[in-house]
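Okay, got some structures for you below.
The following pair of complexes shares a single chain, subunit A, combined with subunit B in the former and subunit C in the latter.
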Partner chain A sequence: MTDTTTMSAKELLGFYQEELYEEARQAKIEGKLVCWSASVAPSEFCVAMDVAMIYPETHAAGIGARKGALDVLEVADEKGYNVDTCSYARVNLGYMELLKQEALTGITPEKLEKSPAARIPLPDFVITCNNICNTLLKWYENLAVELNIPCIIIDVPFNHTMPIPQYAKDYIAEQFKEAITQLEEICGKKFDYDKFLKVQEQTQRSVAQWNRIASLSSHKPSPLNGFDLFNYMALIVCARSKDYAEITFKKFADELEENLNKGIFAFKGNEQKRVTWEGIAVWPHLGHTFKGLKNLGNIMTGSAYPGLWNLTYTPGDMSSMAESYTRIYINTCLDNKVKVLSDVISGGKCDGVIYHQNRSCKLMSFLNVETADMLQKENHLPYVSFDGDQTDPRNFSPAQFDTRIQALDEMMKQNKEGVSNE
Partner chain B sequence: MSRIETIISELSSISNNPRKAMEDYKKETGKGSVGVMPYYAPEEIIHAAGFLPVGIWGGQKSISKARAYLPPFACSIMQSVMEMQLEGVYDDLEAVLFPVPCDTLKCLSQKWKGTSPVIVFTHPQNRKLEAANKFLAEEYRLVREKLEKILSVQISDEALNNSIEIYNENRQVMREFTDIAANYPNIIDPIKRHAIIKARFFMEKSKHTALVKELNSALKSLPVEAFTGKKVVLTGIMAEPNEVLDILKDNGFGVVADDLAQESRLFRNDVPSGTDPLYRLAKWWQEFDGCSLATDAKKSRGPMLMDMVKASKADAVVVCMMKFCDPEEFDYPIYYRQFEEAGIKSLFIEIDLETTSFEQTKTRVQSFSEML
Partner chain C sequence: MFTMGIDIGSSSSKVVILEDGVKIIAGEVIQIGTGSTGPKRVLDEALSKAGLKLQDMAKIIATGYGRSSVEEAHKQISEISCQAKGVFFLVPSVKLIIDIGGQDVKAIKLDSKGGVKQFFMNDKCAAGTGRFLDVMSRVLEVNLDEMAEYDARATEPATVSSTCTVFAESEVISQLSNGVAKENIIAGVHQSVASKACGLAYRCGVEEDIVMCGGVAKDLGVVRAISKELKKPVIVAPNPQITAALGAAIFAFEEVMAAVIFAFEEVRGANK
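Let's look at the complex of A and B:
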């Protein structure tokens, strides 16, 4: 076994990501079950049943970041997927199609061969949850039908009125029971409740370490750049119910704290302005967006997106677990959404906000105007918005992004000067 | 004018002028109207309150004001609804019922730009579980409470059960109508068919029922029409504006059945029987299938469409794809593949409420008609 004790957080991140893919490939070879899962679907049930997990959104993000999206997007295109639909879904459905072709013909399609992303096995069943969008329902319906496999659905109804009513939590908790029954059938064995409790506890430890990292961006100057969270996010998605996530996040938080004590900050030189990034990263252009901000002296210290996995609940209490999975800010009314973002912005001591108007993601785009407006009335901070897409590289224009963040930078400067002149 | 023509013209004029329908209702009953956003809101609750439920389906419009609030990749119907909100078109509504079965509607439910109070509720999507019925009945209980408060009325279980019966009768008569209409594709051409169905959104339902019932029996007394054109089934959110239906008509197409969210999906199932009206309404959603907005891991839409084609002896399916509607766009590749496998022909046309140029649709329909 590999000795992980001496690894840096970054090494651990790479190691465990690969490890998870390897485990899934191995499981497939050994005839064990593999499940594809939505990124914020409850992982606890499957992990308790020893099912190997693959997270298509993370996998798609990886394909995007490695500049391999266009090939698979083309496959989805040929299958009739409209270019207007979510590019995570299209990347994954295209990739699935290639895997399916391979399984049927025994020949590896060229595009699959060439794909820069980790190879993943086809699922034996899928699990989805609509706490981040209903697109995940449509996408997973299609996976289930195309592969003729079972689909476990955890439906968390949109919280149009906060706080979350008990009857909504009851409905979700009932679905947890149903998911267990489905799993028992799929796995052909009884559900292991003792192990489930342990997995829940593990999940809480992972989440606690994750939150520890996220909270470090409140320091000024900050030891953490929010862009790092985009990378580490892979493990809160894929391994929060295993100790992989806890180990890696703890290491990273320790490193950051140590840096903080030594006066080593994320921004080499002097961080001048701090921004909140609202929305998903632009994976195919991650470097461009990161450098663009950096060159202007800006650091990202606020993002609500990683907070999606702040899944704190009481192990053993299904209603509390239900609440943690449904209260995600994009599954709540505008007022609550604004409140969450407001805390993110003030927590990160930010000077401005960047909104990613995401061509792929209607849910995370259609309230940006109102959100920005309400927040600005409250905090008087400048904001800009840019057009992008998390995995379809064609929907992002570097020039537009640069112009927008320069404009933001100007406004933030003026704001700061205004304050210091007073 | 024959009785058939008179009825069609009355229903058409109502479907073309909802405002007048609202004013007439007010004159007659002294009561106002409540808006109903798509999709599948329990209109019966409004009916039981004595108010007129009015369907909100946008309209043919150029988009300008809405641009400030919605990016260009929002679906066409919601662009037009947003534009009309900003123009104050809906401000006479006492309230608006707002379901949120897609991501776009979740967002839109939080940004109503008109003055009417908005009542949002969520349909459960793990629909086949009993827990989903309980959840939805509870949502409906809150809808009823909010309506009672806004409208200053009491809505009793008895009144609600009564309204459900009135709606069920309308559903049944509408199913009859679509079946009968398939035998008379010249008299009931695509535009008239649409208008007769659309009038449901702006009339007290028993009145609509009475007219359609009469129409049905008048039609039935005529000999079945010989039809030399092509018979098609429509699927999608809606088949508007009328120019689209005109093109179908001009190319000799007759609509023999539909699977449109604005049309048959609304009445292909009755609200099941029972005593608790809210539970009954909730159960309707559980039994409903074959719509992109009602999650179904089995995706029965394709097989349902194929059955429809068979039953109505249709020559093809016309996919009316609402521009930028992702739920519908996700269903398409699946049923398209199933059609291909079964040898069912289909034509894809884009529904855009903003466009004024229909050349592309025309060309597509023309060449499709030659191919059939």
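Let's look at the complex of A and C:
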């Protein structure tokens, strides 16, 4: 067994990501069940049943970051998926198509062979949850139909008002019970409630360490560069119900705290302005967006997106777990979204906000115009928005991004120098 | 002291040479932009007009889409800040700038000191930009500088889409073949451009004085259409294509002065 005790957080991140994929590949070989899951669908049930998990959104992000998205997007295009469909869905449906062709013919398609992403096995069933969007419903239904496998759906109503009403939590808790019944049938064994409790407790420990990292960006200067959260996010998605996430996040938080105590900061003395980034990263252009900001001395210290996985609840209490999976800010009304973002901006002590108008993610983007307007009335901070996409590289224009962030930088500078106080 | 502002856009190159931060001694435009010989030619032209050499410039700042490829520049500043700086210098009462260039449409809201308060610009769509007008002028076989005259004679403006250049082009072609007068089509084209720009202006908040700049501001048909849509007068910046280059030259002047004052303070501090 590999000794992980001496590994840095970054090494742990790489190690456990690979480990998770390897476990899934191994499970397939041994005839055990593999499930593909939506990123914020409850992971606790499947992990309690020892099912190997794959998270297509994270896998798609990895394909995007390694510049392999176009190949698989073309496969989805050929299958007739509209370019307006979320690119995570298109990347994954394209990738699934290649895996399916391989399974049917025994021949590995060239695009699959060439793909820079980790190889994943096809699922035996899928689980999805519409607490972050409804694309995830149709996407997973399509996977299930294409592969002729079961699909577990956890239906989570949108919260048009806050606080979340008890009947909504009760309804979701019922959905959980139904999912357990389906899972028992698929796995051919009884649900292990003792193990489930342990998995819930593990999830809470992982989430606590995740929140510990996120809170460190409130220091000025910040020991944490927010773009790192985009990378570490892979484990809060894929391993929050295992100790992999807890171990890695604890290590990372420890490292950051140690740096903070020693006066070592993310930007080594060059942190001039702090920004909030609203929305998903532009994976195929992650380096460009990060460097563009860094060259201007702008550090990202606020992002509401990693907070999607702040899934704090009381283990053993289904209603509390239901609440944690429904209060995700993009599943709530505009007023609450604004409130969450407002806290992120003030928590990160930010000087400006960047909104990613993500062509893929309608739910996160369509409210941005209104959100930005409401927030500016409240905090008077400058903001810009740019057109982009999380995994379809064709929807992002580097020059347009550069102009906007440079102008934002100049506006933040002007505010700091007190030239404009209106 | 001389400073220089260079604005390299997608379809034109502009240079302004400024004396002591107030006097424009050269303001040149060449109608080809980044990646072409335009930047070099306009630079040479401005210098020869001013009778100066590059070494005479205390500082050079580049702006515009091609700003990072200007080797002569000491610094780059976004066209949003430069546009605000230049227009505020020319029209100090300005509150809202509408800037339509080759591939960008921008609305920029200013505070009372001329700082950028907010701006909005078009994303991946050429509708409502200078390119859009280029395409239309070609289809209609009417020169860009004649478009305003045609517009003035319109009796019943046609409807032209503002969501897509290609789509609008085919609309115009079919209107031509249906015998719609060019005057009315051109007025429709101008309205289409105006609706795109005004959409951005409304997001900024419309407040007078409103100043228009960028190459498209030379087309008075567009200016009229914007003014009609906003129901407010629109001032065209003097020499509207060079305002961003002017802003860059002013920034260059201010930076030189700030450095001088800083050095002076240092010396004074050391002598105390």
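FYI, the second predicted complex is superposed on the first by the 417 of 422 C-alpha atoms of A that agree within 3 Å, B and C clash if a C-alpha of one lies under 4 Å from a C-alpha of the other, contacts with A are read in each partner's own complex, and residues count from 1 in each chain.
Keep this in mind: contacts are C-beta pairs under 8 Å (C-beta built on N, C-alpha and C of every residue); 3 or more make two chains touch, one makes a residue touch a chain.
Quick caveat, the model's predicted, so the values are computed rather than measured.
Taking subunit A as the common reference for superposition, should the pair subunit B and subunit C be classed as clashing or as fitting?
These partners fit in the superposed model.
Under the stated touch criterion, which partner chain does A:131 make contact with: subunit B (first), subunit C (second), both, or neither?
It touches nothing on subunit B or subunit C.
For A:146 in the superposed arrangement: first (subunit B), second (subunit C), both or neither?
Only subunit B is touched by A:146; subunit C is not.
More residues of subunit A are touched by which chain, subunit B or subunit C?
Of subunit B and subunit C, more residues of subunit A lie in contact with B.
Looking at A:407, would you say it contacts subunit B, subunit C, both, or neither? Reply first, second, both or neither.
It touches subunit C, and subunit B stays clear.
With both complexes superposed on chain A, which partner does A:366 reach: first (subunit B), second (subunit C), both or neither?
first
So in the superposed three-chain picture, is A:206 touching just subunit B, just subunit C, both, or none of them (first/second/both/neither)?
A:206: touches no partner chain.
Which of the two partners, first being subunit B and second being subunit C, lies in contact with A:357: first, second, both, or neither?
Both partners, subunit B and subunit C.
Have a look at where A:182 lands relative to subunit B and subunit C in the superposition and call it first, second, both or neither.
After superposition on chain A, A:182 lies in contact with neither partner.
Give, as a whole number of angstrom, the minimum Cα separation of subunit B and subunit C in the superposed three-chain arrangement.
Least C-alpha distance after superposition: 5 Å.
Just which bits of subunit A does subunit B share with subunit C as contact spots?
357, 369
In their shared complex, at which residues does subunit B touch subunit A?
68-71, 73-74, 100-104, 106-111, 120-126, 129-132, 134-135, 138-139, 292, 295-299, 324, 326-327, 329-334, 336-337
Would you mind writing out the residues of subunit C in touch with subunit A in their complex?
Residue list for subunit C touching subunit A: 65, 68, 76-81, 111-113, 115-119, 121, 123-124, 203.
Which part of subunit A faces subunit B closely enough to touch in the complex?
For subunit A paired with subunit B, touching residues are 79-82, 84-86, 89, 130, 133-135, 137-142, 144-146, 150-151, 153-155, 157-158, 160-161, 165, 167-168, 170-171, 174-175, 178, 333-334, 357, 359, 362-363, 365-367, 369-370.
Which part of subunit A faces subunit C closely enough to touch in the complex?
Against subunit C, the touching part of subunit A is residues 357, 369, 376, 382, 384, 386-387, 395, 397, 399-400, 402-404, 406-407, 410-411, 414, 419-420, 422.
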